[in-house]
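Right after this note come the structures.
Heads up, the next two complexes both have chain A, just with different partners, chain B and then chain C.
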Partner chain A sequence: MSTYTKKEVGQLVDGTLVWETVHQMLSMPKDEDRYKLYMEVLQDAVSYDDKILLAVGPHLNVVESATDGEIIYKCDCGHDFGDYRNNWKLGANIYVRDTPEKMDQVYPRLMSPDTTWQVYREYSCPTCGTMLDIEAPTPWYPCMHDFQPDLKTFFEWVGLPAPAKI
Partner chain B sequence: MNDLTNPVEVLGIDAGGTMTDTFFVRRDGKFVVGKAQSDADEANAVLESSKDALAHWGREIKDVYPEMVTCVFSGTAMLNRVVGRKGLRTGLIVSKGFEDFHRMGRAIQCYLGYAFEDRLHLNTHRFDEPLVHIHDTRGVTERIDAKGQVVIPIRLHEAREAARELIEQGVSAIAISLISSYLNGSHERAVRDVVLEVAKEMGSDIPVFASVDYYPVRKESHRTNTTILEAYAAEPSRKILGQLSERMKAEGATFDLRVMATHGGTIGWKAKELARSLVSGPIGGVIGAKYLGEQLGYENIACSDIGGTSFDMALITQGDYSIHKDSDMARLVLSLPMVAMDSIGAGAGSFVRIDPYSMSLKLGPDSAGYRVGTCWPEGGLDTVSVTDCHIILGYLNPDNFLGGILDLDVPRARQCIQDQIATPLNMSVEDAAAGVIELLDLSLRQHLRAMITGKGYSPRDFVCFSYGGGGPVHAYGYTRGLGFKETIVPAWAAGFSAFGCASADFEYRYDKSVDVGINDESSPEDIEVACLKLQSAWDELKVKVLEEFAISGFGPESVTLTPGYSMQYMGQLNDLEIESPVKSIKGKEDWPALVKAFDETYARVYADAARSPELGFGITGAILRGSVVTSKPAIPKEPKSGPTPPENAKLGTRKFYDNHEWVEASLFHMESLLPGNNIVGPAVIESDATTYVIPTGFSTFLDEHRLFHLVEAD
Partner chain C sequence: MTILRTLEGITTGKLLRNGLSLDDNRNGILARSAETGHYNGIKTLEFKDSDPIGYERIFSKVRAGLVNSREVAKKIAASPIVEQEGELCFTLYNVAGDCVATSTGIIIHVGTMGAAIKYMIQNNWETNPGINDGDMFTNNDCQTGNVHPCDIATIVPIFFEGYLQAWVGGVTHVIDTGAVGPGSMSNGQIQRFGDGLQITCRKTGVNDTPLRDWLHESQRNVRTVKYWILDEKTRIAGTHMIREMVQECIADEGVDAWEKFALEVIEDGRRGLVSRIKAMTIPGKIKTVAFVDVPYTHEDVNVPSPFAKIDTIMHAPCEITIKPNATWRLDFEGCSRWGWHTYNANPTAFTSGIWVMMTQGIVPTERINDGARYATEFRLPKGTWTNPDDRRTAHADAWHFLVSSWSSLWRGLSRAYFGRGYLEEVNAGNSNPCNWLQGGGINQDGEIHAVNSFETAACGTGACAMKDGLNNAAAIWNPEGDMGDIEIWELAEPLLYMGRMQKTNSGGYGKYRGGNGFETLRMVWGSCDWTMFFMGNGYMNSDWGLMGGYPSATGYRFEAHNTGLLGPDGRIAQGKSIPLGEDLNPDDREWEKHLGPDAVVKRDKQCITTEAIFENGDLYLNYLRGGPGFGDPLDRLHTGAQSIEEDLNENYVLPEYAKKIYGVVYTQDEEGTYTVDSAKTAVSQAKMKEDRKARSVPVREWMETERAKILDLDASPQVKQMFASSFALSEPFLNDFKTFWDLPNDWNLLESSLGIPMFGATQTMDISEMPDCKPVIMTEE
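Let's look at the complex of A and B:
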C-alpha cells in the first residue's frame, strides 16, 4: 500500500500535484491515513477552530462546532449555515440566470441553454459573497438538496471515533 | 594489436536510458559485451562502452573500428523525447475545420498504454499534451472526398498565410496532413510547395513534412501523429546520429551506421523516415531469435524477453513474425508497421504491494527501474520489488549484482519484506518472497500460454527463447508445465537485443493504402483496373525505396525488391499481409495468383474452414520492401567437451530457497562452462549481466552454439 505526505495531499487539494502521483493515487488502494491528512490540510486553510469532518465544496465544509459540538455547515469565512441534516442552500443568497441576457454574461450566444428549459442558480455566502455552488435545473424545480451525509456509517468506514452529536 | 584472421565485424549498440550496451562480434562468432553509463552526449557513451567491451580482448577502438563492416544502433532517446514532450516545436497545417483532431487523439489516446484496470477506471483517463499546440495549428480550406475526388479546391493563399504566421511564431518545422491525402496527394503537395516558398522568402530553412511524402495511409490521426514525429522527434535524432557517425569516422570507421526500425529491418541513419526507429530495443530480440532460428533450424519460436519493467512476447511461426500496421507507442496512435508483440507491465523489478482490502499480493504496474529495490539503500526506495525477493532467496548474488557495482543491503530487504508482506499475510519471510516470485511466474506463464493458444497454436509446436536481463532467472518458472518443445537460454541473453539488431537486414519498407474490392459480380475490366492500381502503388513506393538506398550509396542493381499487399475477405475487419507471388503485375491474368496466395495464408493463420472466398476479396494496402546484403554476426560454434563442467567454472555453493526449503545450490561461472556440460538443479549459473537459475527438478546443458537448453524432469 502506498503512503503519501501531507505536502502531497496539500498539492492534491490545490490541484498542483504531478499527474503521475495523482494517477497512482487513483489506481492504488486508498492509503490508510488519507482522511486524516486531507482534513489537516483543509483545517490549515481556514481561520475557524471548529473541527472539519467533511468537505462539501471547495469553500464549504461540515464541521463539529468548537463551542457546542453541534454538526453544522460552515463557509471558509466562518458563516454558519446550520444543522448538517438540513439543506444549507436555504440559508444562502441566490442569483438565478433565467434570461438570455444573463446567460450571455457566462457563455457566447447559442452556446448556453434555452432559459425556458434550464436556468442556473448560483448560491453564495451571505457574509463573504463566495460562490459555493451552482445548480442547473428546469425553471420550476425546487431548490435541490444535493445529499445528506451519513456521518455515522462514514466514521465506521474510516475506523475513527464519531463525533458525539451525529 | 590486430588479429587479421579473426577481425571484429559486427557491432550492435543498445543505448538505453541508464546504460549503453555494445555488442561486438568477431568473424568466428566470439563476442564481447560492453557497458557504460548513458550520457547526454550519446557518441561519448558509445565510445566508452566500446572501450569497455574491447578491453576483454585487449584491443582498442582505433584498431577495431576500421576492420568492422556493420554497425547497428538502437536507442531510447527518440522515444524519451516524445514521452517527455521535449521535441522540436512543430507547426501543423490541416484541412480547415479539422484543427482539433490532433489533440482529440481519436479519444483512445487518453487511456493507451494503461493497465487493464485503469482502462476501465474512467477517472484515470487523461490526454497527454498534444505534440503540436493548438496555437501552432492552422486550417486551410480544401476538401478531397473518400474517393479521392476534389470537392473544394485548395485555397493556397490561406496556406501562404498559415506558413507565414507559423514561421513568425517561431516553429522549427512544419508538418502538413490533409484529409484523404493518401488517395489524392495533389493538395498536400501544393501546400508543401507554397510553405517551402514562403519559408524561402522569409529567409528560413525549416524542414517541411507532408504526410503524402512519408506515410500515405488512411486514418488521419495515425498518419498525422507519425508525420509530426518525423519533425518533432526524428529531426533532433538525425543530428545526434550524424555526430555519432562523425566520431566513429574519426576513429577510422568505414562502415555506414544503421538504425533499427519498427518493421524489423535496419535503415540508414540518413533515412528520410527516421521516425520508424522510435522503438527498437524489444524488436531487436525478435529479429535475433528469427536469425538464430534460421541458422539452427527452429521454425516456430516463442520469444520472451524479461527486463526490469516489462515482459515482451512475440511469436515466430514458420520462420516469420507478423507485422501490426497501426501500432501505438508512447500513447500515440501511429501508422508505423511494427513487429507484432504483446507486452505486460510486469518484470523483474516490479513493485510488490498488498491490497489492504483483499489482502492479496499485487505486482506493478510500476517498477523500481534503476533504483533496484529496498536492497539498495542509495536507490532511496522503501517499497519492496521483485528483485528484493530474488536477493533474499539466494536467486541473485548480492555481492555480484550487475557485476558488483552496487552495494546491496540484504538485511534491509529482508526487513522490508517482513514488514510489508510477510507480517500482513502471516507468513515467513521466505514463503512470502517465494510467493511473490511464484505469482510473477504464474502471471507470465498465463500470458505466454494465452498468446500462443489464442492464435490457435499449441506450445508443443514451439521452442521458447528466453532472454533479457531477467529471462534466465525466470525461464524455469514461466515455461514450467507449458510443454514447449524446448526452452533455450542464450549465454548472451542480456545482450540479445543488441545482437538481434546487428543481425537484422538492411531493409526499407514502404506502405501505401489502396482501395480495391473484387467479388463475383466484378467484370474482367474491374479486375484489370484493380491489378493496375496495385502495380502503380508499387511503382510509387519503388521510387521511394530506391531513393533511400541511394542516400546510403547503393544503386538500384544491388537492391532486392519484395512487393507485398494486404488483403482481406470483403466485409471482414482484419487483413493479412502477403508477400506477392509475382514480382510485377501485368494485368488481370495475375489476379488469381494474388488471391490464391492470400487464401492459403488465411488457411494457415486461421483455419481452412474459416476461409470465405464467397465474400469477395479486397486489397487494402500495397507494401514494398527493399533490402541489400549485409554482414551479420556469426553464431558461435565451439567443439563439444564432456558433461562434467571444468573445475574453473565451479564457484562453490549458495543457500537457495527452493520449493519451500533451503537447499545448497551449486554455483557456476557462465563464461567458463564448455559445450556439452550438463548441470542438474539446484544450481545457479552466474555472469556479470545475468543469472541463470536451475531449481530442483530441472537440468540444463550447453550446446556448441553457446545456447543453454533447459530440461524439465518428467
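Let's look at the complex of A and C:
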C-alpha cells in the first residue's frame, strides 16, 4: 500500500506533482487516507469555515454548514447552491449556445455542432462567474443531475464519522 | 432424417468428468451464483488461501501463455489491422464458457467469444454437431454476441485425458467480410442481410484441420482473400499454442487443481472489482448521457430502402448505481430504438466493451475475467439500440454508438474519482474514434481490395483533473493505441500520404485541455474503380467536457475530386503548390487554394456518407478527433508547461480561439514565437467572468423559455424523433421528462405524429422466435 504526504496531495491538486509520483499513484493500489488528506488540502484553500465533505468540481464542494449543520453545495466564492440532495445546476446561471453565431465563439464553424442537433449549456456561478459545468445535449433535454452521493454509506466506507444531518 | 435421429440419440454428459451435460453444468453454476452472490457459490477461495503459490503459478502460466501466443501469432497476419494495430485477442474459458484469463488486445472479446461458447452449450452443440478434441468452431454472428461481423472468432475445445477442460478463443478484426459496402465497418447496408458473411458457431475444422468446404465458401465471400486466409492461420496458430500450454499446465498441476482454479479464479475476479469499487468510488447514483448523429437524409447517403432515409439521433442515458456492498448496476433505461443503419449493438457487445474501458481505469489489472461481470448488474431494455428486438438489424459499425455511450460512463465515474481525491484517475471522456476511412475496388496491385484505416486507434484522450489529455495517443476501444506506420498503410492502401499532422484545436478547452486528434490527407494513387466513404460524427459531439471543460471539436468532411494534381499538366508536374495535410482552420479553406480550377470539393458537416467514386489524384481527409477538456478554461496556466502559451507555440490551439476562450493577451516575435502577457491576460479574464454573469440567466428562468419550446414542439425532426423513440420504449423516461419540465399529465410526443417512416417501430421479429434457437441472455431486459 502506497502512502503520500499532504504536500504531495496538494501538489496533485495544483497539477505540480512530479510525474514519477503520479505514475506510482496510477499503478499502485490506492492509498486509503487520500480522502482525508484531500479534504485538508481543499479546506486550506477556501476562505469559508464550513467543513468540506466532498469535492464535486475544482470550485464546487459539498459542505457541512458552519452555522446550521445543513449539507449544501457551495462555490469557492461562498455562493450557496442549496441542499446537496438536489441538483445544484438549478441554482446556477446558464448561457446556451443554440445558434451558429454563438458556437462561432467556441470553435470554427466546421468544428462545432449544428445547433439544430446539439447545444452547449454553460453553467456558471451567479456570484463569481466561474464555469462550473458544460453540458452538450440536444435541445429539450432535461438538466442532468450528474451525481447523487450516498454520503452516509461513503463515510462508513472511509471509516470516518458522518455529519449529523446526512 | 436418419442422420438427425442418430445425432439426437447421442447421450450427453460424456464430455465432463462430473458426468453432467455442458448445459446442466452451466445452469448449476448460474443457479449457485445467483443464490449466493458468489461465483458458483464459492464463498471462500480455498485453493488460493491454502496454496497461494500453486494458484498463482497456474495463473501466471495461463496469462503468460495467452500473451505470448498473441504476440507470436499476430506475426502471421498480413493485415495491418492485426499486425500493426494489434486487433486480435486470445481468451481462455472454463467449460461453462466463463472467461478465466485473457491476453492483451481487443479484450471486448472476453465477452463475445464467451457468449458464442454459451450459445453452443445452450443450443446443444454437444450432440449436434458434436464437440470433439481437434474441432474448430467459427463465429462472427452479431446475434450470437459478436460486436460486428468483421470480428471473426475461432474457438477450440481443450481436452485432457478424454474430458473437456476448457475452451480457447482467438479473434481477429478482418479487413472485409463481403458486406454491401467494402471495408470492415461499412455502411450503406441497413440490414443484417447486407452486413457481410455471418457464421453462427459453425464447426469449421476437425482433427485440427480446417474443412475444405468452409475454406472455399468463406474465401469467396470476402473481398480481401489473402488477408482473410492469413488472419485465420493467425487465429488457429494462437489457439493451438494455448491449447498445448493449458494441457501442459494441467499435466503439471493436476486435473483437480485445474478444475478448482478454473472456477475459483472467476470468484477472485469478482471480488477484485468489488474491492476496487470500494477503494476508488463513492456510493450513490451517477447519471450520464451520450448522443450520436445519424444524418441519413443527405444526398451522399445512399441506402437501398427508402424507410432508412431519415435523420435520427442515438440516445444513451445511463444511471450508474454504486451500492453499499460495492457492487454496481448500470441501467440504460430511456435509450432510443435500434435503427436502419449499421450502428446497432447487442447486449454482449455493449457489456463486454465496457470492460475494455474499465481495464483502463477501475480495473487496470491482468486479472480481468468474467468475475467482473458477475459483480455487475446490467439493464439494457429490449427494443433499444443496445438490445434490438428484431433479427434484421445491421451491426457492421456498432462501435459508432458503443464508444460514444461508454465515453460518458468514463465521465460519470470520474465524478466519483474526483470526489475521493484520486485526481490521477479522472478522465473527462474520450473521443468517438471516428473517422473511419473505408472503401474498396481494385487496388494498386490490380487485386480486388477493401480498406479500413485503423489510424483511428490513436485519437486524443480526455483531459485528466491534474494534466492535459494526450495528443493522438489512444482509443477507448483498444488500450494499445497506435496510428500505424505510414509506409505500411501505403502498402496496404492505394492512398499516398500528402501529410500527417496533429489536428490543431480539436481537443476540448479547459483548465486541462483534451488531447488533440490528428489528420492525414490522402491522395488516391494507382487504383482502378475505387470508392471511399466517411464514417464519423459531424453535426453532434459525443463528449461533454467535465466540470467546466468544453467538449472537443466535432468532425467535418473534406474530399476533393478532379483536383488537377496529376498528369503532365497537373500541379505536381508543373511544380506548383499542393495541399500538404495541414488544415489549420477549416473555415479558411486553405487547401482549395492549391487545387486546379475545376476541382470539386465537398467540405461540410456530413461525416457519414456511402460509397463515392474516387479517381486517382482525388483527396480524402482522415480527421481523427480530440478529447474533451476539464475545468474552467480561465483556470489554465498562462505560461509554462500545459499552459496557454505552450498551446499557442505548439499549435495546439488556434490563436483566435485562445483569445475567445482563454482571454489571452500575447505578443508574437518575428520568428512567430508567442509570449503571453500574464498581467493583461488576468485583466482580460476578469472581464470575461463579468461578461459571463451579464449574458447568462438563472437556470429556472431559462427553463420557462425551453418549456415553451417543448409545448410548441419547436425542435428539429431528428430531435423530436429521438425523444419520441425513447418515450415509446420507456415510460419512466417519459415521466421524468414531464416532471422536469412540468408538462401536463397527458403530454406525449408520438413518432407517428412526425410524418416520417417508422419501419420497425411497432412490428418486429426477435431472434428468439427462430426455430430451435435459445439466445444467450446475460442482462436484464
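We adopt the following convention: the second predicted complex is superposed on the first by the 166 of 166 C-alpha atoms of A that agree within 3 Å, B and C clash if a C-alpha of one lies under 4 Å from a C-alpha of the other, contacts with A are read in each partner's own complex, and residues count from 1 in each chain.
In the analysis below, contacts are C-beta pairs under 8 Å (C-beta built on N, C-alpha and C of every residue); 3 or more make two chains touch, one makes a residue touch a chain.
The shown structure was predicted, so the numbers you read here are calculated from the model rather than taken from an experiment.
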Clash or fit, chain B versus chain C on superposed chain A: clash
Chain B versus chain C as contact partner of A:Leu110, first or second or both or neither: second
First, second, both or neither for A:Tyr95, with chain B first and chain C second: second
First, second, both or neither for A:Pro29, with chain B first and chain C second: both
Touched partner set for A:Ile72, first chain B, second chain C, both or neither: neither
Which of chain B and chain C A:Ile52 touches, first, second, both or neither: neither
Doubly contacted chain A residues - partners chain C and chain B: 26-27, 29, 32
Chain A - residues contacting chain B, complex: 1-2, 19, 23-24, 26-29, 32
Residues of chain C touching chain A in the complex: 278-280, 282-289, 291, 293, 313, 322, 324, 326, 364, 412, 415-416, 418-425, 465-467, 505-506, 511-512, 538-541, 543-551, 553-556, 585-587, 603-605, 631-635, 637, 642, 654, 657, 660-661, 688-693, 695-700, 702-703, 706, 709-710, 715-716, 718-719, 722-723, 736-737, 740-741
Of chain B, residues touching chain A in the complex: 115, 117-118, 121, 123-124, 126, 353-357, 365-366, 383
Complex contact set, residues of chain A against chain C: 9, 12-13, 15, 17, 22, 25-27, 29-30, 32, 34-35, 37-39, 54-60, 89-96, 105-114, 116-118, 120, 122-124, 126, 128-151, 153-154, 156-157
